[in-house]
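Please find one structure pasted underneath; my questions will follow.
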Amino acid sequence: MKFTHENRLEMCLAGLPKSVDFEKVMEQLLTFHVETPSWGYGTGGTRFHTMRKPGEPRCIKEKLADAAQVHKHTGITPTVAIHIPWDKVSDWGELSSYASSLGLALGAVNPNLFQEDDYLKGSLSHREAAVRARAMDHIKECIDIMNTVGSRDLSLWLADGTNYPGQDNFRDRLRRMADSLAQVYALLGERQRLLIEYKPFEPAFYHTDIPDWGLATLYAEGLGPKAFTLVDLGHHLHGTNIEYIVAILLSRGKLGGFHFNNRKYADDDLTTGSINPYEVFLIFNEIVAAQAEPGAGGEGAGGEGAGGEKAEIAYMIDQSHYIKPSIEAMIQSVVNIQRAYAKALIVDRERLEEAREAGDMIEAEECLTAAFNYDVDPLLVEARRRMGVPDNPLAAFRRSGYMKQVEKERA
Amino acid sequence: MKFTHENRLEMCLAGLPKSVDFEKVMEQLLTFHVETPSWGYGTGGTRFHTMRKPGEPRCIKEKLADAAQVHKHTGITPTVAIHIPWDKVSDWGELSSYASSLGLALGAVNPNLFQEDDYLKGSLSHREAAVRARAMDHIKECIDIMNTVGSRDLSLWLADGTNYPGQDNFRDRLRRMADSLAQVYALLGERQRLLIEYKPFEPAFYHTDIPDWGLATLYAEGLGPKAFTLVDLGHHLHGTNIEYIVAILLSRGKLGGFHFNNRKYADDDLTTGSINPYEVFLIFNEIVAAQAEPGAGGEGAGGEGAGGEKAEIAYMIDQSHYIKPSIEAMIQSVVNIQRAYAKALIVDRERLEEAREAGDMIEAEECLTAAFNYDVDPLLVEARRRMGVPDNPLAAFRRSGYMKQVEKERA
Amino acid sequence: MKFTHENRLEMCLAGLPKSVDFEKVMEQLLTFHVETPSWGYGTGGTRFHTMRKPGEPRCIKEKLADAAQVHKHTGITPTVAIHIPWDKVSDWGELSSYASSLGLALGAVNPNLFQEDDYLKGSLSHREAAVRARAMDHIKECIDIMNTVGSRDLSLWLADGTNYPGQDNFRDRLRRMADSLAQVYALLGERQRLLIEYKPFEPAFYHTDIPDWGLATLYAEGLGPKAFTLVDLGHHLHGTNIEYIVAILLSRGKLGGFHFNNRKYADDDLTTGSINPYEVFLIFNEIVAAQAEPGAGGEGAGGEGAGGEKAEIAYMIDQSHYIKPSIEAMIQSVVNIQRAYAKALIVDRERLEEAREAGDMIEAEECLTAAFNYDVDPLLVEARRRMGVPDNPLAAFRRSGYMKQVEKERA
Amino acid sequence: MKFTHENRLEMCLAGLPKSVDFEKVMEQLLTFHVETPSWGYGTGGTRFHTMRKPGEPRCIKEKLADAAQVHKHTGITPTVAIHIPWDKVSDWGELSSYASSLGLALGAVNPNLFQEDDYLKGSLSHREAAVRARAMDHIKECIDIMNTVGSRDLSLWLADGTNYPGQDNFRDRLRRMADSLAQVYALLGERQRLLIEYKPFEPAFYHTDIPDWGLATLYAEGLGPKAFTLVDLGHHLHGTNIEYIVAILLSRGKLGGFHFNNRKYADDDLTTGSINPYEVFLIFNEIVAAQAEPGAGGEGAGGEGAGGEKAEIAYMIDQSHYIKPSIEAMIQSVVNIQRAYAKALIVDRERLEEAREAGDMIEAEECLTAAFNYDVDPLLVEARRRMGVPDNPLAAFRRSGYMKQVEKERA
């Protein structure tokens, strides 16, 4: 027997908690956006090998074209993060227009302070003033681009660190880093934000200058209301409770956004949700809970804000597609993120808080697992139909013939 | 609108892959058994504190009564592992009869070689012959009990290890351990098995004599066809791919069984599936795949066997319920395990192998995630109805009033 | 051939870098103190077993007597941290006098907020106001004791956390924790300090309310100049660079002190330096470097202070002697700490800074390894002779007959 | 005052345990060899960046010239491991002669089965017979080279693995790997050996086909007496006790050799001993203990052998010098390894065994720490003088002007 989408949706809705408002869920799904990274459309590699894949984009315009495919099929990825100088063009206005013509906009700007010999021993924390100045010039260039293309977020990941005990003076580096960040902050326009990313290791192997959320957040709080912490899911030591970090940042108004991906060992940059989908759900559960709280600032998956303002959370993907086809991997990740968010939206929060108040941790946990185990795909399909995108984004993209075509064009 | 179980099941079946045979799935769910541990009904503790909970069982008979509740409500836990001397009684025949009267049988026997001062520096690997002899006497006692109550499995976890570099001679310990295990093996009856458990640390903090699956399996292979490796989900270093270990053991015919639980950091002994449910699914996926292979030995979730025989896999829970009510935590775990197994049963294995053969890793992964994301609860409810147990075991147990009653009786 | 101490010392001094001032090193070694914990004289245990050892102290007075042995033989452990209620007495003045009579003073006070059923779901962050009030009463009691015995430091380790996803509302817990800490801070006397300890897991296994230095330090900075972060060497995830955390805390004036121990896997509480002695050296290297800096506040192993004041660093041991004899294990740890400090004192800091300035990381690293590989025992012996304690504290204690005597007395 | 080497040596010897025979130590130091890798003379990189350094060797002959510098200054690195095809030449006889002319010989041969697109999904375990055949052809080529240049060891590291759950059938891969290894084994000459390396992750991020010593050793034991396990210090999960693995392999006669390096987080390939020198010492302590045992097979740092034969242990370095100058980093590592070995040679093994026999773990540990803390540099200097190499290899190399010269020549 065949069932229609309407049948499935009806049965899905019948099983939802009473406290869940279907139209509110739809509204949240329809306004939820994930930013994909231009560099995620190229081929990633390991230190051992990088394979060029057929159809790989050769320039930022081709990357945008690929990103437009993801947006066309998922409906929720209207912006693309760019990386300078990888995506550098002579005419940013022209590139913005080109993006618009594809239904896209340029998103966060990511400076590159790790790919030149000068930065081998650091960039913003480098001992030599000349290297720091060079790094600062690059950041100025990035902010100029932000001004031109209308980007809100400067997404700052630093490879700064050392490889051996004794290599450099930690406290001097801390002073230099603090000074440099203050200079960066001073360059921001009124509505621009600095997102400070942390990472415990790689490419530096003994110490990283900003190793964890703690230091990133101390910097962000010291700098002011335009500085936030950026959480990359792969940048934690084993055993870290990431959803608790998310809750802390929400409670301090400092959750600037995410770099989504997944890992099993180190910073593996695998597709989001491919190793531990429950963790992605638990992260969204914290966000949705914060957002649902009275006074949290209304719609959209924003958290609490410092000074009563709503902090915007930038949901961004940062993956390296070593062996998977990039566009398909991106669609998988976007759908996994969307599904995790949808599951977080249908948690029975009334029952959850009652269970917690009663000290009933079994019942409280069941509120989460009931939502996680629930098949929310009818909700996703409904949202997709309302957005006018295919029911099954991955299958539709595969059927589209796009890859075949670009493999020919880009040969 | 209300939907009946029949509606839900029908829609569930409509969404299953063509290659999945519903009645075969039912048969597999109806013959799938999980063994619960007597000690899991008492209160676990940390090294900092143990809390006695109201209604806690005071003896093995009360533990069996609690275990019978889990079986009554889930239908799939007909056996109970026992721990000697914690569960020691004077009349084992009488205890077996008592278990039978509750619809239960006694399962694996677990010796205790870690809770006496004598064993502080080891048991089977202890430097002193007298301590090793004492340990061997205890194991003989356990095997006597196995003979009396009809247990098949001696489930051997050893706390043997050292706390400091230099404390003992590693290679001497290896020799003594090998000798002792050979003696244990020689004591086994024809249909009895030795399950060798491994663990990287705790309670020994510098080295554990059997730290990993590798050494356990080298021992098991050296001993012979009645020795197997036992996989406790909490006994791995961070980053270990447990499902791959399971696949290796299946391919060598040495997967003796599991101690199910979950952890986030160390050997946390949390309820199974509470931290990483996808991992539990991936483990069952390996088992079901092996079982589905031609020549793998037919029904039941067994793997390939040494010498062409089917190896039985003992699915056992080993948890320590520090703050959760024990019976409820056990039901949660049993249901989580059953759900993971059910999801593994509905993987589209034909499509999976085709995708692999075509080198299409996106499609191959989607075969797994489709099954994992599928709501198999209608299948579980159907199986429960066929077994005559409640649709929702946890809710039914909560409604039963059992805890209230034993809290009074055991005050 | 025999060599005298003088020979050895002369040769040792001949090999030291020119930039090292021998008399300054002596002065630093003679003023360096390590606090031992009363609870480290009893027997530690694991969650599996605790063994009572012969001669074990039965009360705080006997613990102090044991601590006096450590001080008598090492000369550098004049204070003893106490744990309430384990060490509770009716007359604190009398206990102080008793300590004085042994040449000791009472040191940091450690509240116990984890060993009662009430605290199973938290203490300062507990959902129920009554439990928080009870915890606050206990802290008040501890501060009263501090006032009576003249303690400077309230050393606060909290077991607060949850065991399962969903169990409690993270952001509510954060608010309650912040409120409670503010109340604790308000209770401190003018010269008293709050040391906030962090730990990523155990006894809570899903999340810990203060999991890392980052949150502890955000709290400490928010509270004010009397709040500091406490670093326990065993309370980090694998791969953490602890010496960098120490450098960060020094640079922010928030390094309150240490709980020294060592671990290989989790929070193993082994004797300090037994697993990774180089790490202990690298930690002291950061401290000595900070202390050697102009304006750092003079002698003593203090760091930089907030507002130009010198922050005192409380060097404390926190170990659990599961299988080692406690007094001997304590002496080993004290000597290992002292040796690591001595090695840090002889680092050629001039050459080190020159090498760093020249970008010569090989030379910079060699400055550290030269000091670490150097045999500083002649310096330690010289310091001991000046203090009037035995050349070899462990051997002298073993020869003293003390253990035999107390084994009889405490039988 | 100045002290001569003779003074220092005399004092050093005066402090050694009675059970240590100075001339035996000298003999062991003089016959101890470490193999350096050709690829360690080039510049390593991360996945983010690789920097070409001035003076970098451009071909295998220049790499050998650099390796000769390490041997010239340390005296203990007479062989160089090669990597095919990186070091491929048309005339292997000519290359061997060239090596001889530099006082070197070619050592282990390392096939490369990870740097071509074909191997993206595996080599020896690849699903396609054609790819496996290609890999096998490459190994045949390597063995031909071994035959020509007289190499004993085929050092096999495989990047085989998968990146995503479901990507391939684990048990099929296991069968193919076992088949392929059997084919490799069959190609070995009578005195040739297969060293099987294991690694838990990277470049594959979900599973590695040979993840740990356990599977490598099951393969080695299954293959026969010419197959051994190779231990790379960076290829373990956090918390692994590597010295215990070494002891297990020694006891089974399967320790084929080492790839020395060090790491703090993942497979960081830092200079050996730079992060945890005590671990290197503890590893050598196991080897020296095995070698010292009656019947262990006499001199040289060999272990026990299968069938009573002495197994040779290949001590090899495998590092990636990302930011350090390669030759200097290699000298540091060689010296660190030599120092760790020397410290292991002066452990008081009589006292150690007595302490263990008496159950005195404090005394047993002190036997190790006494050796580790001892300044063995006078012994190393004495050995160097007997070998006719400089007292301080690193300083001498720096003074030699070699780098300046090759920077000019190789510009």
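Letters A, B, C and D mark the chains as written, and numbering starts fresh at 1 in each.
As a convention for this text, a residue touches a chain if its C-beta (ideal position, glycine included) is under 8 Å from a C-beta of that chain, and two chains touch if they have at least 3 such contacts.
Everything quoted here is computed from the prediction, not taken from an experiment.
Undergrad: Please find the path from subunit A to subunit C through touching chains that uses the fewest steps, and give that number.
TA: Tracing touching chains, the least step count from subunit A to subunit C comes to 1.
Undergrad: Just to be sure I understand the contacts, which chains border both subunit D and subunit A?
TA: For subunit A paired with subunit D, the chains in contact with each are B, C, in label order.
Undergrad: Taking A-C as the reference interface, which entry in B-D, B-C or A-D shares over half of its contact pairs by residue number?
TA: Most of the A-C contacts reappear at B-D.
Undergrad: Give, as an integer number of Å, the spacing between the C-alpha centres of subunit D and subunit C.
TA: 38
Undergrad: Please list all residues of subunit C that touch 2 or more other chains.
TA: Residues 121, 163-165, 200-201, 206, 238-239, 241, 264-265, 274-275, 278, 323-324, 361, 365 of subunit C touch two or more partner chains.
Undergrad: Can you name the residues of subunit D that touch subunit B in the complex?
TA: 121, 127, 162-171, 174-175, 200-201, 206-207, 211-215, 217-218, 221, 237-241, 243-244, 247-248, 250-252, 278, 282, 285-286, 289-290, 293, 352-353, 356-357, 359, 361, 364-365, 367-368
Undergrad: Spell out the residues on subunit C that touch subunit D in their complex, using ranges where they run on.
TA: 1-3, 7-8, 10-11, 14-15, 238-239, 241, 264-265, 274-279, 323-325, 328-329, 332, 339, 361-362, 365-366, 369, 372-375, 377, 394
Undergrad: Can you tell me which positions in subunit C touch subunit B when the two form their complex?
TA: Touch residues, subunit C against subunit B: 45-49, 51, 114-117, 119-121, 159, 163-165, 200-203, 205-206, 238, 263-266, 268, 270-271, 274-275, 320, 322-324.
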